[in-house]
Amino acid sequence: MKVSIVGVTGYSGLELVRLLNNHKNAEIVSIHASKDIGSSLSDIYPYLKGICDLKIDAVDSQSIMEKADLVFLATPSGVAKDLACDFVAADFPLIDLSGDHRLPASLYERWYQKTAQTDSVLARFTYALSEYTDLKGKRFIANPGCYATAAELALIPLLKAQAIDLTSIIVDAKSGLTGAGKALSASSHFVNVHDNYVTYKLNRHQHIPEIVQELQLFDSQLQHIQFSTSLLPVNRGIMATCYVKLKQPLSHEAITALYQDCYADKFFVRIQQELPELHNVIGSNFADIGFAYNPPTNVLTVVSVIDNLIKGAAGQAVQNFNLMCGFDEKTGLLAVPSYL
Amino acid sequence: MKVSIVGVTGYSGLELVRLLNNHKNAEIVSIHASKDIGSSLSDIYPYLKGICDLKIDAVDSQSIMEKADLVFLATPSGVAKDLACDFVAADFPLIDLSGDHRLPASLYERWYQKTAQTDSVLARFTYALSEYTDLKGKRFIANPGCYATAAELALIPLLKAQAIDLTSIIVDAKSGLTGAGKALSASSHFVNVHDNYVTYKLNRHQHIPEIVQELQLFDSQLQHIQFSTSLLPVNRGIMATCYVKLKQPLSHEAITALYQDCYADKFFVRIQQELPELHNVIGSNFADIGFAYNPPTNVLTVVSVIDNLIKGAAGQAVQNFNLMCGFDEKTGLLAVPSYL
Amino acid sequence: MKVSIVGVTGYSGLELVRLLNNHKNAEIVSIHASKDIGSSLSDIYPYLKGICDLKIDAVDSQSIMEKADLVFLATPSGVAKDLACDFVAADFPLIDLSGDHRLPASLYERWYQKTAQTDSVLARFTYALSEYTDLKGKRFIANPGCYATAAELALIPLLKAQAIDLTSIIVDAKSGLTGAGKALSASSHFVNVHDNYVTYKLNRHQHIPEIVQELQLFDSQLQHIQFSTSLLPVNRGIMATCYVKLKQPLSHEAITALYQDCYADKFFVRIQQELPELHNVIGSNFADIGFAYNPPTNVLTVVSVIDNLIKGAAGQAVQNFNLMCGFDEKTGLLAVPSYL
Amino acid sequence: MKVSIVGVTGYSGLELVRLLNNHKNAEIVSIHASKDIGSSLSDIYPYLKGICDLKIDAVDSQSIMEKADLVFLATPSGVAKDLACDFVAADFPLIDLSGDHRLPASLYERWYQKTAQTDSVLARFTYALSEYTDLKGKRFIANPGCYATAAELALIPLLKAQAIDLTSIIVDAKSGLTGAGKALSASSHFVNVHDNYVTYKLNRHQHIPEIVQELQLFDSQLQHIQFSTSLLPVNRGIMATCYVKLKQPLSHEAITALYQDCYADKFFVRIQQELPELHNVIGSNFADIGFAYNPPTNVLTVVSVIDNLIKGAAGQAVQNFNLMCGFDEKTGLLAVPSYL
């Protein structure tokens, strides 16, 4: 498959280059951005010298459709929706890593404070949490958000089993700085992040409606979740710490069984005996999940961790690409967590 | 006041040296440890050269009582309880920074997995969260734990106001590595902490009964709290993120008033308009508190931050020392947060 | 003394607020910046709530001279030189933390790529490395640069003793990110600094001529130094690792004596037996120096460390303020290194 | 090729597992350590769950030689030399990542302070800096040290060209903490490393004689180098900053040509136009080199960076394995630097 990447100089775009470079069924035929047109990617990012020396092209849907078989959009929310229209009109396969095609227009406009995609285009897209979506025959993929991926993988098994009080869900999620993108702001200046821990967008994060919408597929009674997001002084990694009240007490074994039922045949989701830490997964496409139940409070704590740029963005996009194309879902995604 | 410090080479002991060095009413007359006896403290810790060049003495209660007017015990839990007996027997003022005199014997033995202090000695101690304890005339102080300080300062106003559902309290607390002490272990090795975030002792942290006990003073109906502790890859700082359900919705102004009522005349507790971050307080004795209420879930999120070594240990010990001795509580504690 | 701070929202300005807040002979009567005029400093920087709630004023030399007895300029290079003129014309005491009054005009324009101060104003300024400058009766101070302070304190004793080959000096200096200021750029984005180490401005750093000029006071034969600057992934701290060839071998004792001769009565410079590390000095005004001689290569390695915001900027400015005013040089500067 | 790894739970051993897991010509058939015998590797290191679930075996050379075709020794210096003897006696291929077979016995004993390997066994080993060693037909490899790799790759081209004053070489090298191994010590405790920068083993690091010995192959006149080693507060990465005086001035183009001559056909060594930073190479087997010449001081600064665990240890071991076995040297080593 020949693929193009639009938004190649953002964090997700660069990570796509990194992953697809070692993908035996994919060839990157063109890379696109709104700046640095005509420069070699490796002149701007010397770490890619000898790996990806392609020139950056302007974004031109016609030329992409001539060269490639599929396009990845790794542009910011608000930009992707305009770029997507030509491809959808031409029925040209597309995977959008942004938030532009995940929500109905009304929710999108409320949470993103931007104009939404048209309903007719939105209707063509499939929201694709890889482990829970059948992608055969799909051509337009809305790739999930990073926090959303971590939270949904942790909570869906509990909803499927109808095991919890739906009004009790509290998610305390933490992310490394790559999750906030490369835009310059005081909140991403090294001095303000280092040796600090900052809670932001409390009750206002745009992944909240995405999570609620996905969870409602598994229990339509769910109405709201309490969700907080904070910045950890690290580059990569998300931990979603989920607190829920059980309808009735469950043994550790019962909870383990409940999770293993969901993920027994899912290579990239691992149920761990101990609570997972970020090091479990950084550098890989794995999502690790662990939990502990506390009888006195009746609270089950579920902890999930992912690399926000891989399972939370470019890795899941490649996994979805594999599933769409009928490849083994692991193709190009076998990097072992770097751990150290 | 002449003071001695026992356990001077631990993190809390070193921080006491740092704070008391600039305290106009205190003079450190002797320092004690179980190792490096006879060495100058500044030979072992060259950052103290010219600041504290005292020799380290063995622990000898008799000699301390001869030289000093008060002793700080900055030794680990399990050690302090034995050292305390002589001083209590002699009615010699003592501030214990360890956990040995905070809980009744049965709770202590269950949560610390160690033999408890005798009941008669325990009865002499006052648990002293500075902002809520009258210390005039007290001679034996159990200084609060670091996590406990952060959680109690955040939650007490809500309990006093009877504003929350007592079964709903969930505290997601995070600490820098100095909170874990200087003992060597794989979990404190740089490589395992850096770029990581690790949840530990879930539902088993020994500060849980301490918090419950203190909160029960303000509402005896409280039975349990859900409390998690994690390690942030920083040296100093604790954030306690507290989630509670309100009995009935409250406006931001009403919640602000509720907190300001409690802390209007408390210099070291600041109610902030925005959620506080670690940088607000590191290097100082301040505890900063902020909050946000979310009507759809009826959850109030309260965030408190402290420097675990100062307000969470040595600073509060000095504050308690000031209050015991009738000094201005701010004496020696006016360092401004380092922020940068 | 009543003092004003211009450029209060920069890193050096904020650090001046922190230090002068606890200075018994100084009172901050006004703070000035080019933005956020009319806001309380603590509204913008909540960590200062209750500590410095002054309103930010526009920069107005006339009003400053009416309110205050001395002004600190903590503005960027290129800005300070214009602000200074009114004060110099009025003979009003001023300490400039920027690079605008450290070099003759020709050198300044070459290394800073900016228009220089006029010669007549420059002539009124004294470059004040505190340990080597007599400040009695001085009214206009050019406060040294951060890298320059670390390098000069390490090298001057060797030049005074004529102990080294002057063509052999190589300084490999490293700084935390606060040294680069709060301006937003890709090079200060957290993701680019964290887990990285970046050498910048090699052979082009503007502190090079400042160091050469100061060293030439002690040996006029010196012509050039090799000087590199790199960014450490920390907030505070500079280490200058200096490599020099000795004219003839010296014992460790002889080198120690040579350094102690220079600094015996200088409280803030400490000669350490071991090579110092950043932790030795962070949070304090100390400069720590250590060294090791290697007979096979005839190279003496001298390592000096400072907190770039304190001894490298605001702390040395306060030290110079103390010396100008005839106060004890330690006034307001007794904070112990935070170490942990 | 079937391979065994001895010392699998050390940092280099774990990194070998990571790299060899994706190596199409290698299969890990057994893993060995001195502790945790009988446990699954992924029980101890959950990040390897589903990747390497092999049980840890005791070290037994006979059983290794029955199962495997080649053995990697990733044990500490001092241990490897004893383990090697059986394999050498049986002429069984071996790659030793430790320092035990890099130096003649006399130098080894002086710098490592341990008993050396016997001369007859030492004589069978080839020191293999991959880019400069012909490994066809070799059976016993002494894999270079991490600092040594970075320094040698940077300096050899200058020696080959006889371009520099041999008495002028000064290397200021910095490493992340994985370079110091997983042993517990105060110097690797998170609190002591974080926000710090520490120079250690100055003039005493055991890689000094290794570098000198290798450089002497290219210019036998070389006698000594000045070499310093410091710990950066990061997990991975080495930068070697090399300062040398040129015999006669060279243009940037001439120096570039000199380096490109050496490395034109070496995939893993990249000559960069800008000084490289750690992010250039972390997560990959690349060594990036850049430089800048300063006419006033006649000093050429050469900067090389590597990932200490990959090109500085396990990656170079796999590269040497490939070269020994006649595979493409890039096999299993195509991971792109993680950059973010």
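Read from first to last, the chains carry the letters A, B, C and D; within each, the first residue is number 1.
The rule we apply is simple: a contact is a pair of C-beta atoms (placed from the backbone, for glycine too) under 8 Å apart; a residue touches a chain by one contact, two chains touch by 3 or more.
Bear in mind that the values here come from a model prediction, so they are computed numbers and not experimental data.
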item: Pair of chains joined by more contacts [C-beta pairs], A-D or B-D; value: A-D
item: Reference subunit A; chain at largest CA-centroid distance; value: C
item: Centroid spacing, where centroids are CA-atom means, of subunit A and subunit B in whole angstrom; value: 39
item: Euclidean distance of C-alpha centroids - subunit A vs subunit D, Å; value: 36
item: Averaged-CA centre spacing for the pair subunit D and subunit B, given as whole angstrom; value: 46
item: For subunit A, residues contacting two or more additional chains; value: 11, 178, 191-192, 195, 233-236, 279, 340
item: Subunit B contact footprint on subunit D (complex, rising order); value: 11, 177-178, 182, 184-186, 188-195, 233-235
item: Interfacial residue positions of subunit C with respect to subunit B in the complex; value: 11, 14-15, 17-18, 21-22, 45-51, 178, 195, 235-236, 267, 270, 272-274, 276, 279-281, 283-284, 286, 288, 309, 334-340
item: Residue numbers on subunit D that touch subunit C, as the complex places them; value: 167, 170, 172, 174, 191-192, 195-199, 202-203, 223-226, 228, 230, 232-237, 239, 241, 243, 275, 277-279, 282, 292, 294, 296-297, 299, 301, 303, 340
